[in-house]
Amino acid sequence: MAATLTLEEVFQDKIDNEIRIEPKDWMPEAYRQTLIRQISQHAHSEIIGMLPEGNWITRAPSLKRKAILLAKVQDEAGHGLYLYAAAETLGISRDEMYDQLHSGKAKYSSIFNYPTLTWADIGAVGWLVDGAAIMNQVPLCRNSYGPYARAMVRVCKEESFHQRQGFESLLVLSKGSPAQKRMLQEAINRWWWPSVMMFGPSDDASPHSAQSMKWKIKRFSNDELRQKFVDICAEQVKILGCTLPDPDLKWNEATGHYDFGEINWKEFWEVVSGNGPCNKQRLDARRNAWDEGQWVRDAASAHAAKRKQRMATSAA
Amino acid sequence: MQQRISYLIHLADNALILGHRNSEWCGHGPVLEQDIAMSNIALDLIGQARMLYQHAATLINTYEDAGAEWLLQVRGTLAPGEPVTEDSLAYLRDVTDFSNCLLVEQPNGDWAVTITRQFFMSVFQLLLYEKLQYSRDSELAAIAAKSLKEVAYHVKWSSEWVIRLGDGTEESRRRILKAISELWPFTGELFQSASWERETGVMEDVAAGACGMEASSVAGYAVDYASLKEDWMTRVAVVFEEATLDMPAFASWHQSGGKEGRHTEYLGYILAEMQFLQRAYPGSEW
Amino acid sequence: MQQRISYLIHLADNALILGHRNSEWCGHGPVLEQDIAMSNIALDLIGQARMLYQHAATLINTYEDAGAEWLLQVRGTLAPGEPVTEDSLAYLRDVTDFSNCLLVEQPNGDWAVTITRQFFMSVFQLLLYEKLQYSRDSELAAIAAKSLKEVAYHVKWSSEWVIRLGDGTEESRRRILKAISELWPFTGELFQSASWERETGVMEDVAAGACGMEASSVAGYAVDYASLKEDWMTRVAVVFEEATLDMPAFASWHQSGGKEGRHTEYLGYILAEMQFLQRAYPGSEW
Amino acid sequence: MAATLTLEEVFQDKIDNEIRIEPKDWMPEAYRQTLIRQISQHAHSEIIGMLPEGNWITRAPSLKRKAILLAKVQDEAGHGLYLYAAAETLGISRDEMYDQLHSGKAKYSSIFNYPTLTWADIGAVGWLVDGAAIMNQVPLCRNSYGPYARAMVRVCKEESFHQRQGFESLLVLSKGSPAQKRMLQEAINRWWWPSVMMFGPSDDASPHSAQSMKWKIKRFSNDELRQKFVDICAEQVKILGCTLPDPDLKWNEATGHYDFGEINWKEFWEVVSGNGPCNKQRLDARRNAWDEGQWVRDAASAHAAKRKQRMATSAA
């Protein structure tokens, strides 16, 4: 009993002193489980996030944009890899995590349950969705678990590059034909609120926050990050000559922030619970890819086993 | 010049359409690492297509008389004086103006079909670029030299998968055998010269240099495709042997026509999808 | 006038996109006779779409100020003074300008999905056209009256299939149950009025006449969709009962957005394919 | 022996006197088999023929053309139905005929193994392919087997309507933009020779012809019909402002016919034997439709059986 207390004390002491927790260190089971949940959810989001953007690879409007988009989606697959690897250091396998995703037990970011309807959506996803993601993720580069923090450093570097690319592609549309400008404004209208919701429920409705803050898995509250995001986007949207679809958006001299309208939490919870426009489509796509890939993975293992066998035989 | 441009565009079309097919896998691969590998190959191929189209576009813009029939149509959709670009060539030609081989436009099917198609084409491109790096067209030679490194990796990667599938499980073997039997009839076309080559002296250029030095068979700017066939067979056979797969024989008849714009019905759907935005919003910057 | 045109185009889009999906079956049906029946339904729907688009085009050409944003874009692709036609409306609008319900753009899936989609939509169209035949817009009323006969057959045909599949084999039952659970979330949208209806007095027109005679609920030119819901439920329930299928309940949440241009990702692909020729060869006669 | 001779004599006598053979009449087994082969082949051709044209329904360039094309392909399905029904009167079921098609035992017209690459192909199929088909089929309206002859009357009426529609749509292209004219000429170039081959091998290479002539299943030789077709098309192509892709095509004053170039019989036999551009695609499409339709047909029979059972029970 005394020993356990000591372990826990040592653990929290490290965290308080900004010393990273590493895989072999002792950690509370709840810390481990919280991290597994959070990192795998993040990894799944990268993988599911490939689908709405991948939807436009074959239809990208120029070869340059096609190459940029393909490289971006490929980067997301790479982020998935880093993150699955980080989660694996906590004692869960990638296959187990996939099972949780495919069975619906594990979640992924709800934003990817919205469809990408026009080319402007791809830019809007880059600007708003990657923008919100970075806002959430930059603090994670300093989170207390070493492998996760290091993975996030790589992820954030690439994400901010993607975000700039996204904004740049919107800038081109903003200088384009009336049809392109309209396409741009419509995409912003569709992606704005879901992006604002990406920061999750308000602090008072977010039960795990206090513990996560203490463990330094989380460093800012949802509402703090959301406000920062709104403040930045409200300025950036002007550069695009567009507006955000919120009649209540207004600079508040007193707070030094933008006030903004009521979030439709009903929609948020519906999408989280499976009723978004594309939940079924996204999960089906991943499940199909996995199921139809089974024979491929089987062949690879069978061949590897044969090879090993042959080498053992020839060595003997 | 028109023939030289046709040749470049043919090479570019092969790369673009195969890259397009590969890119359809993005997000749907059987293993995450392989999803990335497949996107990587797609990226390489689209990159090669871009360099080749850019080179062709430069020639087109330099030699104003370089006017194949399709070019009139492409120019018709551009503003007066607006130069032809890589995107004009990729997005503003219709199906009979594309001159890729039929092999690359075949549907992805399962992983075995995709792998087999990649393997057949990558071995071909490897042999082709090995020679083209000595092309008298220095720009083309540079593109070939750069692409060669990429294609060497495509060959390695796809060979490994052919071996895994051939010498894997019963199911994987059955599937790759089916893929080979379906795609083999499209390989003959790779070694066939198109009428625009035969009629235009591309081959004569090559032949003219054939008595020269080491790299003589490419003393012109194009490669005699037929000369690659034996090497291709050998390299494919080596991998097939390791994969415990029988090497098919070439029949007297094979599918062809792609190089002259007579495609399978699949290409039209690829283009309808690929070209939608450029067609629906003509003259826009993206 | 703009709202009236939007209403007509919405009705036309529903018919066209469902007709398009049905036409994808042509040559691939499970039984030759059913292949013909399916093509027949597709033809009816495309015919209805044509009449509705033609009527909308006439109104657009008559009332020059009838300028929704998308109309500027359509007009931009026509020669100056060239009238808008059924084809301008079908082929020159992009995905967010289409206002069909999400139900009709869902992929064909297997025969059970196609049948269920058809059944849900045909029952809806039957109830709609029954009322629309008394519309104050006499042209629309005539189109509705003509379409009613066709749609009555679609209801009969699809009902019979729902019954066959529900009360057929275990497999067919499993498949239609799956189809129902997948498509049910898209039925709620049918009874929801779109913002362009709510904001524009279409519904007020209807309400204004609601104290009149027998056909009073359509004394305006449009139908209050919500008023069809109960009848729709009853008619579906009768067929489901014969098919030994449980009637699902309406959840508080359903998929929607199609009527306001927020579609599923499927529609873009439909349009890329459907519109290819008009986009690639602008201004041509066919 | 004498009786058999008499039956055969009666049979041939009817034929010689242009009296139709009906299903219940005695007929030689070879006559029956020849008819089954020919009618089912013809039926299969209608069904397979739906595919190359169906390929453009979703991409037809106007709603009017879409409706016309859809109706045309639907008519072909209808022709298939009449013809399968005619063949069934000879004692073979539709399912048996399908089996023969799907197994590759039964043939269908090789022309449908060519792809439809552009919209102009649809018109060219109407003009040339339907044109050649009608040339072959009109004499069949007077063939000796009643059900077949009557089916052919309906088929021919619709086919000639289709052929006019096809030519009319080409006429529109011929008056269109340079791109459309080019599309038109290219389609003619691709479809001309395969259409010429539709009349089958030359008379000297066509073994069954003599017997079929005697039985009045066939009334003109392949070469006669082919010449007639060439003569007509050589004139019609002028109206389109196009040319036929045959440098040897030339009016011959002496014969009163057009001379034409050598047919590539190697290609013909390759396509017949399965190596055409689309043989595999076409057969796969039909086989898939059939296999994936199995559960639907099973459901329909199961339901019909249940219904019958219930009616029997309620009647009892």
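Letters are used for the chains, namely A, B, C and D, taken in the order the chains are written, and counting of residues starts over at 1 for each.
One rule holds in what follows: contacts are C-beta pairs under 8 Å (C-beta built on N, C-alpha and C of every residue); 3 or more make two chains touch, one makes a residue touch a chain.
Protein identities per chain, from UniProt: A, D = 1,2-phenylacetyl-CoA epoxidase subunit A; B, C = Phenylacetate-CoA oxygenase subunit PaaI.
Quantities reported herein were computed from a predicted structural model and do not represent experimental measurements.
At the far end from chain C, in terms of centres built from Cα atoms, lies B.
Centre-to-centre spacing of chain A and chain B amounts to 36 Å, using the average Cα coordinate of each chain.
Distance from the chain A centre to the chain D centre is 58 Å, each centre being the mean of its Cα atoms. Remark: chain B and chain C have CA centroids separated by 43 Å (rounded to whole angstrom).
For chain A, the set of residues that touch two or more other chains comprises 59, 179.
Multi-chain contact residues of chain C, defined as those touching 2 or more other chains: 94, 268, 272-273, 276. In terms of inter-chain touching, the protein chains here follow a pattern that is not a line, ring, star or complete graph.
Residues 69, 72-73, 76, 94-96, 182, 185, 251, 253, 255, 257, 261-265, 267-268, 272 of chain C are the ones touching chain A in the complex. Only residues 16, 20, 23-24, 26-36, 39-40, 42-43, 46-47, 49-50, 53, 86-87, 90-91, 110-111, 163-165, 167-169, 171-172, 175, 270, 273-274, 276-278, 281, 283-286 of chain C touch chain D when the two sit together in their complex. Of all residues in chain A, those touching chain B in their complex are 47, 50-51, 54, 57-67, 70-71, 73-74, 77-78, 80-81, 84, 119, 169, 172-173, 175-177, 179-180, 285, 288-290, 292-300, 302-303, 306. Per the touch definition, chain D reaches chain B in the complex via residues 52, 55, 59, 115-118, 178-179, 182-183, 186, 190, 270, 275, 277-278, 280-281. Those residues of chain B that touch chain C in the complex are listed here as 94, 268-269, 271-273, 275-276, 279-280, 282.
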